[in-house]
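Should a chain be cited, it is by its letter among A, B and C, assigned in written order, with residues numbered from 1 in that chain.
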């Protein structure tokens, strides 16, 4: 019996030892961005149509990784002359040495075989000659330019997920927004990088403040199609409007709870504009603010679903507040200027909003996008006096923000990293405003 | 600020360290000189597109999941009471950025070029030496260099080749990055200038979630120990463990070096 | 061109004589006299204008008829068909003279068109809806607001009092008050501010005696500006409560 015990203990300890690998590391050893090289993929087909698909794929992949916010993508001018397409073709030394000095290489091959597009993608750790492969993926879709883009987005997302500490990439995410380019303000949708802009509604009225549902199937927005402003609902699955109850007064700025079961919006159905919560189909409305002064632009904490940030003019100019979903524990976050359009970060810790800290005719400074740490109220300014900036919306990776800006002369949609860098314009036709990033 | 650390384990690194120290000292001097001579700065800090101002926002706290390219940013903000209760003028915002940025950037650029001679021992990317600019010079990259010059397989762990760290050095980098991003140094008592290292241990499950977070060796400064633990608690996941790793979890010993 | 030199006189006399003789010879045999052909019928012409009394700017129709004419014209118009009609729009009183020429002679006729100044607007009633809307927009006028405010200022109060009195004269009229904002400020907050403005006007109307059930409110924020310049005068025009007649 005693022997058996010893054996059992030994076995246990052996198992325990075998299962416990140790990592020892610490601060101060470098938190730099991953230096990744993204050479063009190698074509495996000589069909003339392949060139176009390959080009779209390469551009999309490079752009996705460049814009991910976590990589230092090595410039193509530093790449060695090889174009590896398969694992046995890559010479890690050449990629790891200067001038590229990369830590990671994403490479692969792409070819149109008949009607389908076949892509193999690899991610190699340059420093690990013994077992360099971090990722090996295979994709096969009907051969269209859109699918070349789609596969590139998917592969980029895999890389971002793997090297970015478990946060999903946004390469397949969408942005809904308002555009005037068809002649009236309608709800439109586009890819996160501005590709594929398409019109959703054709109401020929005024549409405002679109918001995608968490499951991506519906867009809630404000519509004037019946003469006064109503919360309205568009179904992306049915490609048409679906019914939503009308309330009296001015009903604006709908926002989704993270479980998709509730909407918060502002309504003056009972007097002055207050924040209401209803079910996702507009029933069971409950008022949760009750203070004289416009309350508008509610948004749920996407991490917990139990708090709402909103804008209130109860003290005069609009300021940002947060409260529990039952209206308790009201806290004021800004105490000066004109603060509007809050959006909550996916991790629940930050708000981004538009702020004019010095307000009034002739006051210095403009209206810019800020982020604020809710726990300690510290804020950072992200845009600096270029045009009027408004309506920021946080991306699901917590790393990007999309917003509207008049800096080019007309109101357009821009996106940037959540530290204010890499600001880029996404729209150009007509006037475009009020972007909202999908939940995924 | 985070200080560099040297592993003292297994082979003697004295030779390579000394060489590296000398070279990095030279680099540091070169960087400082370049800085004083006014090498351009600000370009690499984002905002390079669309004519945006070169002034990059420093993060309020590193809990926005973007790599904080230098931890010093956190400190600066922690000291700047940008909170609304205080009446600090808005102009404070440019100030803190103005100070660290020239240091960082000017050192970034020259670092990359002279890297060439040192990398004959290593085939590494230059960036880790970013940490050197905190005025220390020397051994941080010593660790990196050493790590490079073992078998060339990389990995931050001790132990035989083939262990987790040597096989999945990229995952180790991710862990390190994520913890550093989430470490809010302004949670530490501001009167503390420097402290000895605090060691934390935790496990990472298959799905990447950290569990069993413990302080295995305290620094003697309670607020520092707490800030380290909170850093871990902020993290939902490091990302799933590599699919071809056979184990069900991996254990991590992580140290925090605090220097203001 | 008589050359009257003595030298050329002799040949000239000779030439003359010859010419007389020759022509005389040519005319030696005049044709036998015929009965003259019957004279062609004289043309007839008549013209009329209908109506012949018009207001300036109106048209009238000229109608004419001719017989036995080959060349017909109307003064001021030109050549026309022997029979025809045409619309004309004389600026002032005109006589249209028709001239018909034919082998039998010429005949003319005149039609006179008298053009008077525009008549005064007819006193007859316009259709009811048009009058109501016109009356409404003249008597129930926009109310203006200060920047970022929904408070009723003195000039706004006067406009509201006048509106209330007007509405008292038309007890069946129902109205909508629209709140509007200028282009500055954020889209969503302006929708709320416009709503506040509309309700402030509504409350003031009720205080001035208008039954609340006659008034509805809505807000367009900054979405329907009255003007689009970026200056204070236009912004002030946009910061308004606007009334719409919705029922009678």
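We adopt the following convention: a residue touches a chain if its C-beta (ideal position, glycine included) is under 8 Å from a C-beta of that chain, and two chains touch if they have at least 3 such contacts.
Computed from a predicted model, the values in this text were never measured in an experiment.
Taking CA centroids for every chain, report which one is farthest away from subunit C.
B
Looking at chain pairs A-B and A-C, which one is connected by more C-beta pairs in contact?
Pair with the higher count of C-beta contacts: A-B.
On a C-alpha centroid basis, what's the spacing between subunit B and subunit C, in Å?
One centre to the other, that is 83 Å.
Where the CA atoms of subunit A average out and where those of subunit B average out, how many Å apart are those spots?
26
Which integer distance in Å separates the CA centroid of subunit A from that of subunit C?
Centre-to-centre distance between subunit A and subunit C: 61 Å.
Quick check: what residues of subunit C touch more than one other chain, meaning two or more?
If we look for residues of subunit C contacting two or more partner chains, we find none.
Applying the document's contact rule, which stretches of subunit A touch subunit C when the two form their complex?
It comes out as residues 185, 206, 208-209, 222, 224, 227-229, 249-250, 252-253, 266, 268, 271-273, 294-297, 311, 313, 316-318, 338, 340-341, 354, 361, 390-391, 433-434.
Given the complex with subunit B, which residues does subunit A contribute to the contact?
Checking each residue of subunit A against subunit B gives 18-35, 69-70, 72, 93, 96-98, 101-104, 125-131, 134, 161-167, 333-336, 345, 347, 349-350, 357, 365, 371-373, 376-384, 386, 397-399, 414, 417-425.
Spell out the part of subunit B that touches subunit A in their complex, as residue ranges.
2-5, 45-50, 52-53, 55-61, 63-69, 71, 77, 82-85, 90, 93, 112, 115-116, 119, 123-131, 140, 143-144, 148, 152-159, 161, 163-167, 169-170, 172-181, 183, 197, 208, 236-240, 242, 247-257
In the complex, go through subunit C and note every residue touching subunit A.
147-148, 185-189, 191-196, 199, 217-220, 223-224
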